[in-house]
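One structure below.
We just call them A, B, C and D in the order they show up, numbering each chain from 1.
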Amino acid sequence: MSVVRRGRFTRKITAKISPDRSDGDDVWDVIQLARHQDRPYPLDYVQRLMTDFEEIHGDRLLSDDPALVCGVGRYHGRPVAVIGHQKGRDTNERTFRNFGMPSPEGYRKGMRLMELAAKFDLDLITLIDTPGAYPGAGAEERGQGGAIARSMQAMLRLPVPTVAVVIGEGSSGGALALGVADRVVMLENTTYSVISPEGGSAILWRDAGRARDAAAAFRPTAANCYRWGVADAVVPEPPGGAHEDADEAARLLDTYLDRTLSELRRLTDAERRTRRRERFRRMGVYREVPPEGGAAIASGRAGRSASSPNDHPAQGKRDPSS
Amino acid sequence: MHNWGVCTSCDHHFPVGPRERIAQLADGGEWTELWGELRASDPLRFTDLQPYVERVERAEASGMAEAIVTAELSLRGVPSVAAVMDFGFLGGSMGSVVGEKFARAAGRSAEKGRPLIVVTASGGARMQEGVIALMQMAKTVVAVENLREARAPLIVVLAHPTTGGVWASFASLGDFTYAEPGALIAFSGPRVIEQTTREKLPPDFGLAEAQLHNGQVDAVVDRRELPARIGHVLGILDRPRGFDPPPAIQWAHQSRERASRAAQALPGLPRRLADRLRPNSDRRAP
Amino acid sequence: MSVVRRGRFTRKITAKISPDRSDGDDVWDVIQLARHQDRPYPLDYVQRLMTDFEEIHGDRLLSDDPALVCGVGRYHGRPVAVIGHQKGRDTNERTFRNFGMPSPEGYRKGMRLMELAAKFDLDLITLIDTPGAYPGAGAEERGQGGAIARSMQAMLRLPVPTVAVVIGEGSSGGALALGVADRVVMLENTTYSVISPEGGSAILWRDAGRARDAAAAFRPTAANCYRWGVADAVVPEPPGGAHEDADEAARLLDTYLDRTLSELRRLTDAERRTRRRERFRRMGVYREVPPEGGAAIASGRAGRSASSPNDHPAQGKRDPSS
Amino acid sequence: MHNWGVCTSCDHHFPVGPRERIAQLADGGEWTELWGELRASDPLRFTDLQPYVERVERAEASGMAEAIVTAELSLRGVPSVAAVMDFGFLGGSMGSVVGEKFARAAGRSAEKGRPLIVVTASGGARMQEGVIALMQMAKTVVAVENLREARAPLIVVLAHPTTGGVWASFASLGDFTYAEPGALIAFSGPRVIEQTTREKLPPDFGLAEAQLHNGQVDAVVDRRELPARIGHVLGILDRPRGFDPPPAIQWAHQSRERASRAAQALPGLPRRLADRLRPNSDRRAP
């Protein structure tokens, strides 16, 4: 196969996605593109996709975290809620934004926006682009782990349609905290990974310099995440990457977002919540070996669930090697 | 009032009466007062340095009805209900009338599916009504729950000062919360804190700008910009009527640099905070 | 009238309550009793009323506040949730408990317990005894006002039966944060007030030394609060006051609590929530003067609401002087 | 294991394997393993310093099945489900098997209305399963939601160490959360923090005792007291069966002094905190 296809989105999602980005250099290229400092950030997409936008500030507990931008906007004539990791483009703004690494206060601001989304029946769009949640002593003391866990919990409980878009690098729980959505989509040149390649290098290779090797091992590109069932769709970017033409990047995302939200709105609140839970409940690849002296256990786990048309081959599947 | 009650030289926000305030917010300055017939009672037959009834009578004699004025108005084209407090009436204290008018205003909002715009200015509960004044805090929270179920927006503007039981009830529960520059926002005022704890307070204690830093408000907004800002939010939250309006995406066919700069300048970007934060800081309360 | 009577509770609630504690000295006496350092505190009642108790700690955000004790216990063979202001008896414990003045973290721990109460269908009992929420700069920076407001909101949303008991002094929003319950009851020698007499003296008399005058003006005794409709019942204390016999004080409270919780359990979740909201919605005494040139407005507000058998004459009433 | 794996001299809590742990918790040491047939797969064909499949094979060869053992047991008379992590199996890392077994355990709890007892010991997500390991965090949160709807208690015991994606998912969401003395509890470990921020960390960074102070756990509990403590909580939460048992209020006809002292000594009174707090302190994060 040479083109990533995905049901009714096939027409639009026909970009030049190599389906086999397992080569280490290719993966490294995508990582560089995902981190390109001229890539559009959440406020760049908001500027292009929304006719109005009003940011909220503060968690009502302790502080405001500029690493997460949260607000309400008008999208295709409807009110929506937006949460995005904002990295900052110049040195001053990067420092101000803490390089897009949220503190617990950021996730708690996000949960406050989710309450508004529930009250006002706003579709929720999250825009993911972070090297991870901020690793600081103060962040730990103020419950970084619990903030991420409760952000996922809040997304699972939301009655409204939710779409998570990886627009740059999506690393670690700091990314997933905003990723527990009805649909998870990745732009073409983005990554979604359990850890940054640098972090993986330090831990698995015990050597900070093996980031390329780690990247080649994790293979966290959009195409691979789609193949693994972690992403529901891959949205093409303009030639050369989103940083070459932010307007076109936004337009391509818009096509996917608008259609997907319309589709999700056709479901009831309860249906969306149930399917959202089922989607993540199915994640994982494992073997079931026969218990000692018993027969192989093979029932129920393999294949697609009838209740979800968006099931993935890689979800809930027993590995063929088992 | 001249320049909306804001000093033309230093932008200091002077107190503004509730009727002027409503006129500032209302399209064409036109609005209809609601429940102006509600007046304070004296359930405790309360006397401190003077009888409560006399305090009320003197305040009423100056033309004010109570510490809150409720109204129907149109704000940037959106039919809305407003509840605006009056610090000039017994320190904007919340007694039974404030609680009842707030609850009725919220009820009207909920019933008609219209936003409730609240401007607070209060020293807290009206002590002369004793524990009955305290109960108004709970009453206003019930009213906020009514708004939530009706999906009616609650926009709170915190004017100077917003303290005590008002801050510890409906004023803290807005969907969107704006503060006027320099407004004191606190549950316990600075004097009480200094007397109780012997703490030396920072000069900006409890001020709107500090409370933005503390995550307690969404923005500090100049009074002259309030109608535009609130109108902006209400416009966003407005549901589509009938069928969806044409998408009309504002494709900004501008250079990447311009687009990026424009994005940085979006309303709500908390530029002022940048100065307060250390590089790479792992922020905690100052 | 010489005895406070209250529907089906009349039999038990026949203590020596003077119905007319408007005399300043009497009020001051009650205030002293309400603050007596040998009075039973929440853990003293828990020890006597519950067969088991497990305290929870921490708000999962920032800290643990020992000024508010929160836990689950077994009461008459059923699980219940308990939140109480704990003042501390000796100097060390008073310091540790911050004299029963909660920080925002205390109210947030309380809201965490309310989540447990909702999950496990636990009746909630709050035990109120505080000079007020802690007035400190840090408490303000961490959102003391919002914590109190959201605690009330959380109590209003609870599906389970809730009873608030004033067991000592209930002053200011720091007390009311735990007081938005289906039933509000006060022990005989307790107070419930908008502010402590000392605070009222400093503010209204501009003189810290007029606390007795303030007390006489606020008249915040249980009997008066009952008369004003703020308390649904007054629970008698042993001769001399609860501090004279904690066991007997607990037994008297137990009689009221057990019966009231049983009664509340007969309602549906929705009925309880609706009536709880109506109870506080009605609070207040005001006049309605005729609009200029119009007729007197007299409809609807006076008298009892048919939907609540526990309506009070003083709730939602137009003052007779109007 | 001798003395539950706790040093008889200094009370240090040594690591304890999941099967010994379950036996410690189970009445009579009797329990039934569930889903022991689940084994790790290698969806990424992952190799770092050695192939993932070889790491798994070596770990399995030592008799462990995976980094979590799930079981049915009776704890102080309450039929329960347990999910106990094994730091000895690839650092207790959470891959697909941990996520699936946790989800199945929660499903069993929800279905039967039984408590789920979780003991965590984990370095975080299993990196060798890449982003699929990351997704297990969301999967376990779904499982916690199932428990909530079924009203099944979730008791979490945090053993040393509980870090990364485990702490940032189900381990943070217990109804009651206990930590073993000295357990490291953190999302980012001390080494990562020091390397990233150049912060000098306090010696008790992230330890159970500090996290109690930070409001992140309900209590620090000695391992030998865990069955009694968990049994106590489960006994409280147990609904009455059939009809209410006789009230049997424990009227303590003791002197006021004794009663008061007894109340002070109730389980859960955080005495240790007292030393850390300044008099009249208006506490914030240290």
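Assume contacts are C-beta pairs under 8 Å (C-beta built on N, C-alpha and C of every residue); 3 or more make two chains touch, one makes a residue touch a chain.
In this text, all values refer to a predicted model and were calculated from it rather than measured experimentally.
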| field | Remotest chain, subunit D as reference, centres from CA atoms | value | B
| note | Contact tally winner between A-B and B-C is B-C
| Cα centroid separation between subunit A and subunit B, in whole Å? | 37
| Measuring from the mean C-alpha position of subunit B to the mean C-alpha position of subunit D, what distance in angstrom results? | 45
| field | Distance from the mean Cα position of subunit C to that of subunit A, given in whole angstrom | value | 47
| request: Averaged over CA atoms, how far is the centre of subunit B from the centre of subunit C? Could you give it in whole Å? | output: 28
| note | In subunit D, the residues touching two or more other chains are 172, 197, 199, 214-216, 280, 282, 284-285
| query | Touching two or more other chains, which residues of subunit C qualify? | reply | 60-62, 136-139, 141-143, 146
| note | In the complex, subunit D touches subunit C at residues 148, 151, 153, 172, 175-176, 212-219, 232-233, 235-240, 244-254, 256, 259-260, 262-264, 266-270, 273-274, 277, 279-285
| query | So in the complex, which bits of subunit A are touching subunit C? | reply | 60-62, 104, 141-143, 146
| field | subunit A residues touching subunit D - in the complex, by the definition given at the top | value | 133, 135-146, 148-150, 152-153, 156-157, 172-173, 176-177, 179-180, 192-195, 199-200, 202-206, 213-214, 217-220, 225, 228, 230, 277, 280-281, 283-291, 297, 314, 318-319, 321-322
| message | Which stretch or stretches of subunit D touch subunit A in the complex? | response | 36-44, 46-49, 95-97, 99-100, 103, 125, 127-139, 141-146, 164-165, 167-173, 185-188, 192-193, 195-197, 199, 201-202, 205-206, 210, 214-216, 285-286
| Residue numbers on subunit C that touch subunit D, as the complex places them | 38, 41, 43-44, 46-49, 51-66, 71-74, 76-79, 89, 92-93, 95-96, 98, 103, 105, 109, 116, 119-121, 134, 136-139, 141-142, 243, 245-247, 251, 254, 258
